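Below, chain A partners chain B and then partners chain C, in two separate complexes.
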Partner chain A sequence: MQKITYLENPIYFESFSAVGGYEEGRGPLGENFDFIDEKDLFGMKTWERAEAEMSRIALNTALKKVNLSPDDLNIIVAGDLQNQCVASSGGLFTFGVPFLGLYGACSTCTEGLLVLTAMLTSSKNYTRGASVTSSHNCAAERQFRTPIEYGGQRTPSAQWTATASGAFILSKEKHEAKITAFMPGKAIDGYTKDATNMGAAMALAAFDSIASFFQENNPDEYDLIITGDLGRIGSDILRELLREKIKGFGEKLASLHRDCGLLLYDKNIQDVHSGASGCGCSASVLASHVLPRVVSGEIKRVLFLSTGALMSASSVFQGDHILGIAPAIRIEHGTS
Partner chain B sequence: MQKITYLENPIYFESFSAVGGYEEGRGPLGENFDFIDEKDLFGMKTWERAEAEMSRIALNTALKKVNLSPDDLNIIVAGDLQNQCVASSGGLFTFGVPFLGLYGACSTCTEGLLVLTAMLTSSKNYTRGASVTSSHNCAAERQFRTPIEYGGQRTPSAQWTATASGAFILSKEKHEAKITAFMPGKAIDGYTKDATNMGAAMALAAFDSIASFFQENNPDEYDLIITGDLGRIGSDILRELLREKIKGFGEKLASLHRDCGLLLYDKNIQDVHSGASGCGCSASVLASHVLPRVVSGEIKRVLFLSTGALMSASSVFQGDHILGIAPAIRIEHGTS
Partner chain C sequence: MEKAESYKKRIKLHTPPSALLKDSALAFLFGGAICLIGELLATLYIYLGISEKDAYTLVSVTLIFISALMTGLGIFDNIARHAGAGTLVPVTGFANSVVSPAIDNRSEGLILGVGAKIFTVAGPVILYAVLSGTVFGIIYYITKLFI
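Right after this comes the complex of A and B.
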């Protein structure tokens, strides 16, 4: 049984931003992004540095929206998919703010918001911090698969790593969207070694977290349950599990479910196979699509779970199963 | 100015364990380790899996010492040096406990204790958790440099990645050693691109954290300041900086300084060049050497800062500077 932390004092979203590349710009959420670089390079010479710069732009944009300077932040938590998470440290160290690096694969957006919420809650001295995550399609292809210039064939179950970053400034001051509960996920065996089908590997973890959370929460009080990047295959597995395994309200949970990996691109015009993935997927969808609707009151209460596949090129080569993980936060509308 | 969190309610070390390999076993702290595998393989067939198994043994040992089961843990935070931190997730997921993955390079031991302390402090629901970090010499050599079978020459400034893991169980129940304050470090430009001299790259970050901390703390009230793995060169740089840059009590700070990278091995009989490094270095020295002396009361109060070099093979190839980071925790003797 996973323990849920319900916050006596919510932590508020003071600002947020979404930055992306070409595919993200022409997708259905593109016009809600704060910045798009159609060349995917963000002025840099390598994909790896482009990702670092993208995360810097994302945080800078979130700061500027509310006229804050880096000195107003007590802490930055951040993570990405590059080996040793160098996109985050390399892109964000210039802000000169205390830094915590995280690794939760594509679940890092929610993990970061969760850890930042805990940091702010645990310390009177801390009033405001930022959580930033990013992924870059070409950096990920080169590192995990082959450089895109090789033109490798992708399987139908493969997902498209988003070139995107989302930055979130959390504060103890009241704003229109808030985090009211969190629950770290368990790392769970995805029972697959197939690195071209990450959605399937993560579906069990998403199911585990959702099932745990709604053992003590009423789904009728929720507008949406949003997962990070299960994609088409993983989402189908999750909904099937919810319907079959949860007595009484599995159908309700399945009907509330949306997946950022299916929201970021338009499958009819974009060749992304099973959908979007990457640390930047759920982060940019949260910033460009979900939070604006929470702020407006269109969404009153949502359970948000980025999903991560815990594996490396080495672990796959050595025959290890891919693990999934799905940390969760509850986001609500309102300042009280 | 970095913000220090002073805990109204300390978080206590309920149990801890150190596990290591051949070099760690024959080093000066070897007899204090809880488990040594002289073959460095821990029953596995690859170095990568050996590291995962080592971290599993470390946590299992820490649990057994105090007759706890995994179900008694609300959360595990963990990290390592392998790409995508697969040693931690792969070694610890079998405990079935909610999991937060961290990446702070060799600073992950302190980062993990800090994040776990924040998690426990932020939630009434959380009473006990574990922080685990590991590194494996052969896994690190293969990933960052060349497989050891190649017999690559090491530079005099190079450090020896420890084959070691440290596991810590933190609790709100009173025990003889406690965490009373924490301060995340800043990611700071180490002004070097030399991946064979990590100590130098991390020395500035250690200096920054120590200088920040003692702007509002009195060094006369501290028995020791312990850094993670600056090694010989980094330690020399740090002490020189403390003496030169801090007016009034720089010499005092320098005299309090010890480095886990210089404590783990005996330079006279072990060919480790500038000293030990790796996530497992500071973790195993904390568990085998520092905490037992805090529990006994020999050490009353210590500032403990694991040090991390934020870089990857790719970032070094692309000419990026290596960044350093040094999160800090204050550890004190006593149950009150």
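Right after this comes the complex of A and C.
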């Protein structure tokens, strides 16, 4: 049974940062990123180390913005797309803060914020923590697809794994943006084996979470519903499902929907096919685009769901269906 | 909740097919251009006094070298993105499929990286080419005994 947790005492975003690579820098949100490395290597020799360094830079930037030191953090929860989440542990161990590694595929950003919120809410030992998420296009291509310099043609449904990281520092102290509710997602059969069409594999999970959430919430009180990386095809399917299956306010839900995968790049000048993907996608869009507008009050209330495609290179070859998952957090403007 | 069959139909409906006509035309042009370059090279080598058999071997070697170089310089995949089968089918595609994993896995060392993974893409082609070559060789040998 799906349960939504509403927080009597909200958890606040004290600081956040977005770091990205070349494609992210020249995308429409590029100017809002805190740091861009045009070479995608972040001074490292391998793509895997580059991703680790990227997440380190992201957390360091978030800490610096509010003059905090790593000692002020009680916990770091972090995840990425590399096997055994080595980018997160390898990049963040230098801070010397207790660490929890997460894997939720591309849903990791919301998963991390959800886990951290739950920890801060339930224990007085935890007053401030960080959630960090990253993905690197080249590290992901190597692990899940083909060598980087391999000359293949991508299908129109393929998505571009973002080289990006988002770091968020959450605390019980009052700030302008807060998390007021959270709801984990269910792993749901995406009814496809096609790893080049992950938006379609995740759309049903996003629909399930949104439908569950708005069984007991009024969409008129929301400015936006933002999904992680459904891309163009996944977004089309989600909106169609909302319109068809939800009586009364499905059209309203569909009109509130935006997707980070469609916000990160400009499809007219960037060859990204169906849009962006990767856990860095929703994390960096949240930090560079959504949260600044929540802080300013332009967005009053938003439901944020990073979407994950649960699969491995082997599971796809063995013919397993790709599962989707979409945990949700409600983010609101205001300090009260 | 959505049923499996209707969701599969939905996916099909919303997923655009590859632009077959455009892809085929580009493949024809790029593939044709590579073959034209091959023929020009052959003419050049023969003109330089190399025997016809050696000249065509040299053409393959030249094309493989150029593909490998362009893969290393990071140009090949940007052309192949548009050319598709045009660069994949000629020997250029094979060269790229061997060189790209070699570059990719350099970070894991010469033995366990490059050595172990250089044929991850080309491996199936090599295996089944040798296998089918052997099978048809045997068939050819047997039929020759009776004809």
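Basically, the second predicted complex is superposed on the first by the 335 of 336 C-alpha atoms of A that agree within 3 Å, B and C clash if a C-alpha of one lies under 4 Å from a C-alpha of the other, contacts with A are read in each partner's own complex, and residues count from 1 in each chain.
The rule we apply is simple: contacts are C-beta pairs under 8 Å (C-beta built on N, C-alpha and C of every residue); 3 or more make two chains touch, one makes a residue touch a chain.
What you see is a predicted model; the values in this text were computed from it and never measured.
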Touched partner set for A:L92, first chain B, second chain C, both or neither: first
Touched partner set for A:A177, first chain B, second chain C, both or neither: neither
Partner chain in contact with A:A164 - chain B first, chain C second, else both or neither: neither
Partner chain in contact with A:I237 - chain B first, chain C second, else both or neither: second
Chain touching more of chain A, residue-wise (chain B, chain C): B
Chain B versus chain C as contact partner of A:A118, first or second or both or neither: first
Which superposed partner A:K186 touches (first chain B, second chain C, both, neither): first
Touched partner set for A:T46, first chain B, second chain C, both or neither: both
Contacts of A:Q84 with chain B and chain C, given as first, second, both or neither: first
Partner chain(s) touched by A:D320 [first = chain B, second = chain C, both, neither]: first
Those residues of chain A which chain B touches in one complex and chain C touches in the other: 46, 48, 189
Touch list for chain B against partner chain A, complex: 2-6, 46, 48-49, 74-75, 79, 81-86, 89-90, 92-93, 96-105, 111, 114-115, 117-119, 121-126, 143, 183-189, 310-315, 318, 320, 323, 325, 327
In the complex, chain C residues that touch chain A: 1-2, 4, 7-8, 10-11, 14-19, 23, 71-72, 74, 76-77, 79-81, 83-84, 87-88, 93, 96-97, 99-101, 103-105, 107, 120-121
Complex contact set, residues of chain A against chain C: 45-48, 142, 146-157, 189, 191-192, 197, 200, 204, 207-208, 233, 236-237, 240-241, 245, 271
